[in-house]
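Just below sit the structures, each encoded as C-alpha cells.
Both complexes below contain chain A, partnered by chain B and then by chain C.
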Partner chain A sequence: MFATFRLSMTWLHTWFGLVLGYVLVVVFFFGSLSVFDREIDRWALPETRFEAQPMPSFDEVLAPVFRELEPHPDDMAATARRVIGPLPDPGTLELASLYAYTTHRDPVLLVGGEFGIPNKPKDASDEHQHVHGWATIDPRTGTPLPVDRLKIGSDFFYPMHYSLHLHAWNDVGYWIVGFAALVMLAALVSGVVVHRKLFRELFTFRPRKQPQRRLLDLHNLTGVVALPFHFFFALTGLIIFAAIYLPVSDKLLKPLHDAHERLESTQTGLPLEPAGQPAAMASVDAMVAEAQRRWAERGMAGEVGLLFADHLGDTNGYVSIYRAGTDRVSLTGEGIHFRASTGEVIRVEPPAGVVAGINDFLTGLHLQHFRHWLLRWLYFLGGMAGCVCIATGFLFFVEKRKQQHAREGRSGARWVDALAVAAVTGTLIATAAILVANRLLPEDLPARGTWEERVFWLAWLGALLHAAWRSAPVLQARRSAAWAEQCLAVSVLAVVAVLLNWITTGDHLWHTLTTGYWPVAGVDLTLLAAAAIAAMTARRLWSTTPTWEPAHA
Partner chain B sequence: MSTPSPTAPQIVSRVLASVLGGYGFVWGFAAFGTALLVAGGMEYHEAWTLVMLLAFLLFLGLFCWAFAASSLARVWTVLAGGGGAMTLGAWLLTRHLVS
Partner chain C sequence: MPDALFYVLVVVLVVLGLASFALAMERHWRQLRPGSPIARPTTLVLRAIGATALAASLALCLWLDHGTIASLVWVMALVPAALAVTFTFSWRPQWFAPLLWWTGTRP
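After this line comes the complex of A and B, so read on.
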C-alpha cells in the first residue's frame, strides 16, 4: 500500500495520531492531574484539609465503622440489574469481606466491603454474588464523609484518566483508553522513524519561523525530550490493565486458572470459601503490631497501606495486612496473612520472583505510591509535555492543510481544528468549571457530587459547541477565534476558582503558604500559573490575528 | 516505482488487520504462551505475568508491521492464521493439563 517503510509510518503516525490524539490528550491531561489527585481532593473537600493520617486502630475505630457500613445505593442498583429476583433490604445484609486502604498522602481513609446476597445471577458465569459498600472516613474519629461528596481528584479526574467514565457497553471506556495507549506507542515509534534526526531535534525550536515550522519543532521537541516517559507510561498503563484487555484467565484458560487457584489455596493456607462455622475475630490491632514487627525485623519498617479480611465471622476467616509503598517504587506489599479467629500467622508472602519483581517495579513506576515530590512534579511536567506534543500535532495538521482546504472548499481542517479546541482548551475549561462549581454549589445540596459532574460535562459540551461555531475562519485558512476566546475563559475561571476558595473556606494562599499546607497551596498556585499562561496565550493570539474580513462571495 | 494513493477498501483492510488481526494474534500468544509455560513447570501467575509483559510490545510490532508490509494477504495469513493456531493450541493444552 505504501512505497516505503517511512511512508507507511508517516501515514500511520498522521491518521492514527489524529484520531486517537483526541482521546490521548484527555488521558494525558487527567493522568497528570492524577499525580496530585489527593491534593485536589483536599481543595474540593475542605472538611478533609488536615494532615495525612496512618491507618487507625481496627479494634477501636474501624470495627464500629464496619458494623455500620451498608451496601452503597449505586451498587445496589447495579447489582439488582444482574440478579434474579428482588434484593433483600440492604440493612439486613451481612459483610462477607472488608478492606481499609490508605497512603502517605491521605488524611481520610477509604473503607469498603462485600455483602453476600442470596440471589442467583442472571448470567450463569457471573461469579459475583455480592453487593459492594464503601465509605470515606475520618480516621481520627471514625465519622464518614457524606455519601454525595465527590472526591474530584481521586474519584473523578483519576477514573477519567483510565476509563473516560464510559461504562456503557461493558466498560467501553477502558477499551478506548487501551487502544489509545497502543496507538501512542505506535505514534512514538513511527514518529522516530519519520523524524530521523532525533538528537538534533532535542535542541531545535525555531520560534521565529513560520507557524508550521515552529509547531512541528515544538511537537518534535516535546515528543523527544520525554520520549522514554511517554513510551513507558503508555506501555505500563496497558500492562496494569492486562487482565481487562487480554482476559485469557477468565475465558480460554479458565479451567487452568481455576485449578491453579485451588492448588494455591491449599499451598498458602488461605481458604477460597467459608467453612460455614461461626468464629469471632481476634484482635486485629495485635495482628497489625505483629506485621509491623516482622517488617521492622526485615529492615523495612513501615505503615499499613491495605488491610483486608475475608470470610468474616467464619472459622476460615483470614486477615491480610500489606505495607504501604511509601519508600519504594515496587508495589510489593510484603503481605502477611493471619487466621482471623486466633491471630496466628498463616503465611508470610515470600520475596517476589524475577517476573513478579519486574511487574511490581513497572506498575509501581506508573502508580506512584512513593513519597518523592520532585519525581511527582517531573511526572506532572512529563504529562504536560505529552499534552503539548499532541496539541501541537493537531495544530500542525491543520496548518499544513488549511490553505489547500480553503482553496478546494473542503471543511476537514476546520472540523479537526474545532475538535482540537474542544480537546485542549475545552478540557481546561471543564476542569476549571468543576472546581468553581465545587465552591459555588450549596453545601447541603442533595447529590452535590452529581451536580458537580454535570457542570463538568456541560462546560465541556459548551466548549465544543463554541469551538464549532467560532471555527468558520479556518475555512478561509485563518485562525479559529475559539482558541483565544477559550484561553481567556480558562484564565478567568481559574482565577475565580482561587478567589472562591479564599472566600468560601478562608484558606487563601498567604495562609496556606505560611502554614505550609501544601495540598491546597499547590492547587491554588497551579491554577494561577495556568491562568497566567492562558492569559498570555490569549493576548498573543489576539495581537497576531489580522482583523477579521467577511468571506468573499 | 511509485504506488498509487491507497484506496478506501485498502485502508479499511489494513486498519482491520492491524487492530483486529493484531489483537487476535496477541490473544492467541497470551493464551498459548501462558499454557505452554505452565506445561513447562512455571507457576500460573508467573507465566501469565511474563506473557503480559511481552504481549503489548508484540502488539506494537504487529501493528506497525501490518502497515509496513507490502503484501496485505501475507499480513492477514500470519495474523489470523497464527492467532487461530495458537488459540487452538492453548485450548488443547488446557484440556490436557487439567485432565
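After this line comes the complex of A and C, so read on.
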C-alpha cells in the first residue's frame, strides 16, 4: 500500500492521531487537572477548606455515622431496575459491609457500604445482591456534606479523564479512552519513526521559521522530551483498566475465577460468606493501633488510608486495614486483617512478589497516592506538554493542507480546525465555566451539582458551535477567528472565577498565600496563569497577520 | 538546607547536563561559536560534563526520596529542563556561553 515503512507510519500517525487526538487532548487535559483533584474540590466546596485529616476514630466518630448511613437514592433507582419486585424501604435495610477512605490530601472522608436486599435479580447470573450507600463526611464531627454538592475535581474532572462521562452502551467512554490510549502508544512509536532526527533535533525550536516548521518543531519537542511520560501514562492507564478491557478472570473464565476465590478464602482465612451467627464488633480503634504498630515495625509507619469491614454483625465478620500510600510509588496497602468479633489478627498480607510488585509500581505511578508536591507539578507539566503536542499536531495538519484544500474548494481543513478549537480552547472554556457556575449558582439550589455539570456541557457545546461558525476563513486558507475569540473568553472566565471566589468566600489570593492555604491559592494562581497565557495568545493572534497569505491563482 | 533548595539543585544540574549535551552537538555549538567547527575532544568533554551532571542529579534524587519516587522525579525533571534548554537556544543562546569558558575566548 505504501512505498516505504516510513510512509505507512506517517499515514498511521496522521490519521489515527487526528481522529483519536480529539479524545486524547481531553484525556490529557483532565488527567492533568486530576493531579490536583482534591485541591480543586477545596476550591469548589468552600465549607471543606480546612486541613487534611487522618482517619478518625472508628469507635467514636465512624460507628455512629455508619448507623445513620442509608442507601443512596441513585443506587436504589439503579438496583430497582435490576431486581424483581419492589425494594424495601431504604431505612429498613441492614448494612452488610462498610468502607472509609481518605488520602493525605483529604480534609473530608468518603464513607460507604453495601446493604443486603431480599429481592431476586432479573438476570440469574447477576450475583450482586446489594444496594450501595455513600456519603462524604467531616471527619472531625461526623457531619455529612449535602449530597447534591459536586466535588468538581474528584467527581467530575477525574472521571472525565478515564470515562468522558459517557456511561451509555455499557460505559462506552471507558472503551473510547482505552482505544485512544492504545492509539497513543502507536502514535508515539510511529512518531519516532516519522521524526528521523530525534536526537539531532532534540533541542530544536525555530521560532522565526514559517508556521509549519514552528508547529512541527513544537510538536516534536513536546512529544519527545516527555516521551517516557507519554508512553508510561498511556501504558499504565491501559494496565489499570486491563480487567475492564480484557475481563478474562471474572467473565471468560468465570468457574475458574469462582474456584480461585474459594481457594483463596481458605488460604487467607478471610471468609467469603457470613456464618449466620450474630456477633458484636470488637474495638476497631484497637485493631487500627495494632496495624499501625506492625507497619512501624516494618519501617513503614503511616496513617490508615482504607478501612473495610465485611459480614457486619456476623461471627465470620472481618476488618481489613490498609495503609495510606505516601512515601513510595507502589500502590500497596500492606493490608492487615482482623476478626471483627475478637480483634485478633487473621492475616498479614505478605510483601508483593515480582510480578505483583511491578504491577503495584506501574499502577501507583499513574494513580499517584504519594506525598510529593514537586512530582505532582512535574506530572501536571508533563500532561500540559502532552496537550501542546496534540494541539500542535492538529494545527500542523491544518497548516499543511489548508492551501491545497482552499484551491480545490474542499472543507476538510476547516472542520479539522473547528474541532481542534472546540477540543483545545473549548475544553478550557467549559472548565472555567463550571468553576464560575460553582461560585454563581444559589447555595440552596436543589441538585446544584447537576446544574454545574449542565453549565459545563452547554459551555462546551457553545464553544463547538462558535468554532464551527467562525472557522469559515479556513476555507480561504486564512486563520479561523475562533482561536483568538475563544482565547479571550478563556482569559475573561478564568479571571472572573478567581474574582468570584474572592467575593463569595472572602478567600482572596493575598489571604490564601499569606496563610499558606495552597489548595485554593494554587487553583487561583493556575487560573490567573492560564488567563495571562490565553490573553497574550489572543493579542498575538489579533496583532499578527498570517505570515504567508494564500497564493491566489 | 531545606529540601526545596535541594530540588532546585536537582533542576539546575539537569539543565546543566542537558545544555552540555546540546552544546556537544554541531547545530548548537555553532550558535555560540559560529566560526569554528567543534573539535572531537571538546565534544567528548562536553558529553562527559553532561553525563556527570545528570548522574549527580540522579544521585541527589535518590538521596532525597525513596528510590521509586526518586526515579520518577528525575525522569520528570528532564521535561521542564529540556524545554528550558531548547527555548534558551531559540531566543538567548548566549546565556549558555559560560558553559564554554574553558574552550578559550570567543572568536
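In this section, the second predicted complex is superposed on the first by the 544 of 553 C-alpha atoms of A that agree within 3 Å, B and C clash if a C-alpha of one lies under 4 Å from a C-alpha of the other, contacts with A are read in each partner's own complex, and residues count from 1 in each chain.
Convention: contacts are C-beta pairs under 8 Å (C-beta built on N, C-alpha and C of every residue); 3 or more make two chains touch, one makes a residue touch a chain.
Computed from a predicted model, the values in this text were never measured in an experiment.
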{"item": "Clash or fit (per the criteria above) of chain B with chain C on chain A", "value": "fit"}
{"item": "Which superposed partner A:L499 touches (first chain B, second chain C, both, neither)", "value": "neither"}
{"item": "Chain B versus chain C as contact partner of A:P228, first or second or both or neither", "value": "second"}
{"item": "Which of chain B and chain C A:A63 touches, first, second, both or neither", "value": "neither"}
{"item": "Contacts of A:L256 with chain B and chain C, given as first, second, both or neither", "value": "first"}
{"item": "First (chain B), second (chain C), both or neither touched by A:D327", "value": "second"}
{"item": "Touching partner for A:L246 - first (chain B), second (chain C), both, neither", "value": "first"}
{"item": "Which of chain B and chain C A:L185 touches, first, second, both or neither", "value": "first"}
{"item": "Which of chain B and chain C A:L509 touches, first, second, both or neither", "value": "neither"}
{"item": "Least Cα gap, in Å, left between chain B and chain C after the two complexes are fitted on chain A", "value": "18"}
{"item": "Contact residues of chain A, present in both the chain B and the chain C interface", "value": "none"}
{"item": "Partner chain A, residues of chain C touching it in the complex", "value": "7, 18, 22, 25, 27-28, 65-66, 68-69, 72-73, 75-80, 82-83, 85-87, 89-91"}
{"item": "Of chain A, residues touching chain B in the complex", "value": "1-3, 5, 8-9, 11-12, 179, 182, 185-186, 189-190, 235, 238-239, 242, 246, 248-249, 252-253, 255-257, 259-260, 264, 353, 355-356, 358-359, 362"}
{"item": "Complex contacts: residues of chain B adjacent to chain A", "value": "1-3, 6, 10-11, 14, 19, 26-27, 30-31, 34-35, 38, 43-46, 48-50, 52-53, 55-57, 59-60, 63-64, 67-68, 72, 87, 90-91, 94-95, 97-98"}
{"item": "Partner chain C, residues of chain A touching it in the complex", "value": "200-207, 221-222, 225-226, 228-229, 327-330, 361, 364-365, 370, 372, 374-375, 378-379, 381-382, 385"}
